[in-house]
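Both complexes shown next keep chain A, but they swap its partner, so chain B is in the first and chain C is in the second.
Presenting the complex of A and B:
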């Protein structure tokens, strides 16, 4: 995907990231976030959560991966997200994105991002500034 | 009522904490794999552009000491709300890099809506590599309800 291939309003191909316990355990160890609310369903329920939850920062990683899948070699300059509700580990999730601005001079594109939980509720919203190849 | 001008004068833009991190190759590989990102820049150490995933930096420095100055006043009522996180990349972060994370309160401001006045506190971590080159800025926005 090159800058000249992109048009305002283009949708990124949606992705369905793996939010299994196995993946979350790999994430929390690499991210200094090894806390039981992310990796232990029973512990999380005792804290009033619906189950172990996917770390918010991991959602950022999934959204960035979707951008790289859409435009291999793209360079993410900035990614800004707001976490609105929890996503439960061992359920399913969907990442979506759409191009909302194009800068002809810098070849930067703005992408609106959303991540939905297994019930179709928006769990994460955000934007990314991405540099595409000429 | 919270005196925003006074708070800003006392706290905004002043570095209050530093921490150091050494970036490990396996850590970088595991991070990208857990996010399902197969881009060789983040998943293949033999790639000439191999570096940490752009969102990896958002995981560093999430400690109380790094987020809030020790003598920062307790503001507002009730628990705070997560107002979001932004990661801005200034340069590549590679395995073996030694990063310095420098903390500051970047901004304090208030917004008033139907549910009253909310105070926004922007906690910032500025990351530099071993050559003192800026590599990333991470902002965490905290929201607290305050008395009108």
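Presenting the complex of A and C:
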């Protein structure tokens, strides 16, 4: 994906990341954040959560991965998210993005980001500033 | 004339949309909007000037506020200096009665938003604490509603005899216009908007 290929309003190809317990366990071990609220449904419920939750940084990683799948080699200058509700482990997720601004001089692209949970509720919103090749 | 009555820009703590990007998005996507109202959280933005953007894009851009009360969030249209001095917009625990009466006294309109939202919406508070007087207008279509919430808003508004309006509650550019309000007459400024909302010369639209 090059800057000249992109238009305002373009949708990024939707992704459906794997948020199974198996994947989340691999992630939290790698990230040194192996806490039971991420890996134990019963523990999380006892804390008042609906179940074990997907770590926020893992959700951010999925959104960044969506950008890179759309534009391999792109540089993400900034990825800014707001977490609105939890993503529960062992459910399903959908990542979406849309191009909302293009800077012709810097070749930076602004992208809206959303992550929806299995009920179609928006769990994460955000924006990214992405540099695309000429 | 269709206006999105509930939007947030980067001036809200959780807003990530630039106002000029809202404008170019509306035009690029050919959304059926003639303008929008910025309803920043817990503040009234009396400094930003969007007249250049209005002229460039041919859109009406008005400013209002979303304040927080003991009965949930409330949009206030027609904010003026008297009203900003009447209660503390930054507080999260304003008494809704104070907000409603202050708005009335100062010539503004105050209307609860996303009233069908569980736990925090107006109607959830009604269930726990009882009905309050002074509400006559609520946001029945909210672009950020979860499945079923707008249906609660609409049904309960009908039950209590409240008029309805719509707004996207967009915090990012691509969500603007998910819900809006259609006006029977042209709206050129905030006074026209307040008059139309008071007079019931509008109805809610959803575009989700």
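By definition in this document, the second predicted complex is superposed on the first by the 134 of 134 C-alpha atoms of A that agree within 3 Å, B and C clash if a C-alpha of one lies under 4 Å from a C-alpha of the other, contacts with A are read in each partner's own complex, and residues count from 1 in each chain.
Operating definition for what follows: contacts are C-beta pairs under 8 Å (C-beta built on N, C-alpha and C of every residue); 3 or more make two chains touch, one makes a residue touch a chain.
Predicted, not measured: the structure shown is a model, and the values here were computed from it.
Colleague: Here chain A is shared; do chain B and chain C fit on it together or clash?
Modeller: Here chain B and chain C cannot both sit on chain A without a clash.
Colleague: Is A:39 touching anything from chain B or chain C once the two structures are fitted on A? First, second, both or neither.
Modeller: Neither chain B nor chain C is touched by A:39.
Colleague: Scan A:26 for contacts with chain B and chain C and give back first, second, both or neither.
Modeller: After superposition on chain A, A:26 lies in contact with chain B alone.
Colleague: Which chain makes contact with more of the residues of chain A, chain B or else chain C?
Modeller: B
Colleague: Who does A:82 touch here: chain B (first), chain C (second), both, or neither?
Modeller: Both partners, chain B and chain C.
Colleague: I'd like to know which partner A:94 touches here: chain B for first, chain C for second, both or neither.
Modeller: A:94 sits against neither chain B nor chain C.
Colleague: Output check: A:120 vs chain B and chain C. Expected answer is one of first, second, both, neither. What do you get?
Modeller: Only chain C is touched by A:120; chain B is not.
Colleague: Using the touch definition from the top, say if A:58 reaches chain B (first), chain C (second), both or neither.
Modeller: After superposition on chain A, A:58 lies in contact with chain B alone.
Colleague: Per the definitions at the top, what is the overlap between the chain A residues touching chain B and those touching chain C?
Modeller: Overlap of chain B and chain C footprints on chain A: residues 80, 82, 126.
Colleague: Of all residues in chain A, which touch chain B in the complex?
Modeller: Residues of chain A touching chain B: 15, 17-18, 23-24, 26-27, 29-33, 56-58, 60-62, 64-65, 68-69, 72-73, 75-83, 126.
Colleague: Chain C touches which residues of chain A in the complex?
Modeller: Within the complex, chain A touches chain C at residues 8-9, 80, 82, 98, 100-101, 110, 112-114, 119-122, 125-127.
Colleague: Which of the residues in chain B come into contact with chain A in the complex?
Modeller: Residues 27-28, 30-31, 33-39, 41-42, 53-56, 58-60, 62, 82-89.
Colleague: Quick check on the complex: what are the chain C residues that touch chain A?
Modeller: Its residues touching chain A are 14, 16-18, 21, 24-25, 28-29, 144, 146-147, 171-175.
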